[in-house]
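The letters A, B and C name the chains in turn, as written, and every chain counts its residues from 1.
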């Protein structure tokens, strides 16, 4: 496999709890802890997790919208640390973010044309007047918004969610990026139009040989849409691998829980992982494996030691003590540890 | 989705251009009056000294004369013409008002936007400073400053007013900037590589114009008042004519005791008038900012009462037909508990729910699926008669069969009957428990007040025991009864909502996207709990969601809505295996599945229709892969196909023949 | 509790800012206010009094820091100097006489205005679209009227023309000050017009704010749920709608207290009411800086205490501020 285009290496992001005199001041939210992820050209990687798992934060760290607390973001193997100024603009010209809610991601008082013009004038600074308009037409055509002139003079509230999400993809395309970071690009759209957007993203990935990060809470869509899938829980990646393997032979108990919880009328067996509890506080995350308080298979060791990454097969990895070579023999006997 | 009716109603009012919205604000007579008066005052302030008939300080013999032809507003003790003083004064007062507003607004915008956009420590310090200045009593401080600068001219006053008055605007703008900065479009602009200065100029400020304008106008009023107070107290240059100095001289020369009302009358009236005018303009801006206020005139009590007026008016007829209409069927003949027939809901001219009929049986889970704008939430509110004006039900029946077997029409109930029907027989669970639970009431109390309202005879200990029982049923520890909604997690809150819904053992629970805001794992917990309770307590469920796979899993019957109509109604299993309507097929081919082999996903081309511009005939026609000519002409009704029924003309016998011929 | 403590810290800070401003203003203003003051007394002052004035209003020979320290010493020992307008009374004595009048009148009327305005606002919001909405322009006009001008009109109508109430003052000069029935009756009688002025002019603002909050709150989901629960209309109106709509109104009340109290004291001038406002007016007229700055400090402290009370009430009303 070729070298990754964009890479997160042991990235950690802690957000300080704000406020001079507020409770918890001085403590931090462990949004992302020690996460590594590689994005390859022409390949879609899904990042699956629930709200608060840190998946969106990771996407923003890759886009350099926030500085990392520790670890490194590497573009073509070169570390980047550029959250402002020219270096930041250089980074975003190669790495573009697409946001979840198309209705919220456009300035309500600006027309589509003026929003796109701004993006074009940043990334095609040499183009003016008609040349600029030609670029805008081309961008809209590429995202299947034809005829383009029918959309440029409209305001965001005059377009449907699907159309707006296409415009937002067009805006990202203005930079001719090498990496797309799509943060839940279809979650707020109607079911019947999601597929169209996902297909458009897939086509762009393949045609332009760009790397795509597909952030989602819907693990089923990851199976269909992404080549690889990484699952996040409470700020950590707990499982990675080819999407089909992760969804069909899930290794980590959390991935199993996620899969068995997702509604799926085609499912034959009705046996489910028993779930106990809630996602943990990220200000004081549980010791050891962060999933252990909810895990029906938790071992004693899970409470004390953070599990390392275990390689299972063909790039399928998981961070769970159950896959250690020598699990503590006694503990596996008590699957319902409280 | 819970907000759908509001969104729809608002959508009706949305105009294509922001500019035209401003004009719309002017259409309100009050706002227009305010604008006109303000403009008149501005013009007078500019041309006042030129049109003034006399020198305002010129002393004449006509001392303390009431209004006359020579002196329209009378004269002072020294025979000075009050009209001329007023006109000259207008210039000074308006100058101070507008000048202070300009300086103050600039200061507020600088501080507010900087603090809000930068955040962090600079924000904390700047907001602290603003809060300190806000709490400091402004007028006494101004008086002191003015006293140290005796006989200061307008510029000094402007400076003093701005120094003491910037904090309010800064505070409001900071909060606004903070919320705008978190909005996606600002983040999107950053992610495109836009410079901070441009983001502030093009994304933040344009969206704050209304607030800035409101704060500007508010400052004009406050500054004119402050200047008048200072002048009245003699703390400005009393030889420079302003409305305040007129009052100062009137007071100093005991105009009050001599009864010279014309002396101090006009100045005060002028101040009050310009203040009123500016406030009226500000109300217009308020309504522009806060669309809920715009709807205040629509959602009145009277309008609410009139919602089912046609129905209630028609009730007289039925009463004459006798009691049997309200107690239609004898007991035991059917297990149908809710029978909705030909229900129609309009938002003004837009029909959100059109000719919807379905039945709900005891213990059944009826799933209603649909995309945005399909009318599913409107339907939920209409069943419970919780729809708000401008929504109204011009047609249809909602028949509820009571446990004793008698049948009542929900739409014909008067408000007392409705109040006892609600919750006792039918309860509703909203999408967002965060918004649907009263934030300042304990969970227990919110369950209890349903008991208080419907079981007036119950004692407090009985009710407390019931609250604990209900919390136990939905899996919330009893001590949580004393918690406030914000102290619970999302899943817990939704359980609490369900506990509220179960309080009176209702026969039917309408659930409007109860799990949409939750993560799948928590959603699973809640759904399992609902199904368990349904089996145990035997209520019926109307479950509304856009999540078709969830619906197929849990429902007995599924109704698919599109463009305000039910397009397919079928037992869940049949629906999953043999969807009949082309839309249902498209939907099922849009869902990725987790188990089994990957299937081919086709999706549906196009977007869901806009209810304001429904296509003619079948509203799915523009997206339908199998549409034919007749689909544009006729709106199909439901055709029976085996155990399912679908609203598609392909199942019409007449067309089945035609298709056969053309194919 | 934590919230209240944090607020307390904030008010201490504000008080510090106010006192420091009071220290700074005379020193950064053009001219030498201290010298000016001392000259005004035409040599009637003894050296100790001169020294006290210098400490408060500027010692050209001392460093700013040592001036600040001795200033604080004077403040903490309650030495605000000698009043020029009320010579030879010292400032403390003058304030002691006038502050209770203001405290009684303004506190009662501000609270009354807020309660009446909010109450009417709840009704106007609940019955939105009814005839009550037509009150809005009228109340707007009332709240735009300058307090002191309205006072003048009220005096003209009720004191001069109708002669129902006394023209000015705080009590009848025939009665002796004390806790006698006569005195209390005369105080109440004399307070009617000033009180009416403050209440009437302040009601409008609260009314409109509360009405708009009510309208906004009424479209909240929890009000709809309350309706769905079949609760009585009274219960929905008070426990659900008004209870929540009041919260922003109350914090607005706390925030604008400084403004309202500032405005109210000017009305005292019109009535020649023996409170802080009239005293401030006289002090300003006579350029009596010691009295003025002390009044400013006193009013600031009063506003801060009122704010603190409002905050405590707020914490009591809104459980979301109670965490920790």
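Keep in mind that, in the parts below, a contact is a pair of C-beta atoms (placed from the backbone, for glycine too) under 8 Å apart; a residue touches a chain by one contact, two chains touch by 3 or more.
These numbers were taken from a predicted model, which means no experiment stands behind them.
If you average the Cα atoms of each chain, whose average lands nearest the overall Cα average?
Here the chain at the core of the arrangement is B.
Taking each chain's centre as the mean of its CA atoms, which one is farthest from the centre of subunit A?
Result for max centroid distance from subunit A is chain C.
Per the centroid of Cα atoms for each chain, what is the distance between subunit B and subunit C, given in Å?
35
Let me have the rounded angstrom distance from the C-alpha centre of subunit A over to the C-alpha centre of subunit C, please.
From the centre of subunit A to the centre of subunit C is 55 Å.
Once you find the CA centre of subunit A and the CA centre of subunit B, what distance in Å lies between them?
Averaging C-alpha atoms per chain gives centres 33 Å apart.
Any chance you could list the residues of subunit C touching two or more other chains?
323
What are the residues of subunit B that contact at least two other chains?
Residue numbers touching two or more other chains: none in subunit B.
Which bits of subunit A are touching subunit B when the two form their complex?
Counting only subunit A, the residues touching subunit B are 18-20, 50-51, 63, 65, 84, 88-89, 92-93, 96-97, 99-101, 104-110, 118-119, 122-123, 155, 157-158, 160-163, 168, 171-172, 174-175, 190-196, 199, 217-221, 223-225, 247, 257-268, 272, 275, 278-279.
Which stretch or stretches of subunit C touch subunit B in the complex?
Touch residues, subunit C against subunit B: 10-11, 13-14, 17-18, 21, 25-26, 29-30, 33, 126-130, 133, 136-137, 140-141, 143-146, 148-150, 152-153, 155-156, 160-161, 208, 212, 215-216, 218-222, 224-232, 235, 239-240, 243-244, 247, 255, 257-259, 261-263, 265-266, 269-270, 280-281, 283-285, 287, 289, 292-293, 295-296, 299-300, 303-304, 307, 317-320, 323.
What residues on subunit B touch subunit A, complex-wise?
Going by the criterion above, the answer is residues 14, 16-18, 120, 124, 183-185, 187-194, 196, 198, 202-203, 206-207, 371-372, 489, 491, 519-525, 546-550, 552-553, 576, 586-587, 590-596, 598, 601-608, 623.
Which subunit B residues qualify as touching subunit C in the complex?
Counting only subunit B, the residues touching subunit C are 2, 6, 30, 128, 131-132, 134-150, 168, 221-222, 225, 228-229, 232-235, 247, 251, 256-257, 259, 261, 264, 267-268, 271-276, 278-280, 283, 286, 290, 292-293, 295-303, 384, 386, 388, 418-424, 427-428, 430, 432, 435-441, 449-450, 453-454, 484, 486-487, 500, 503.
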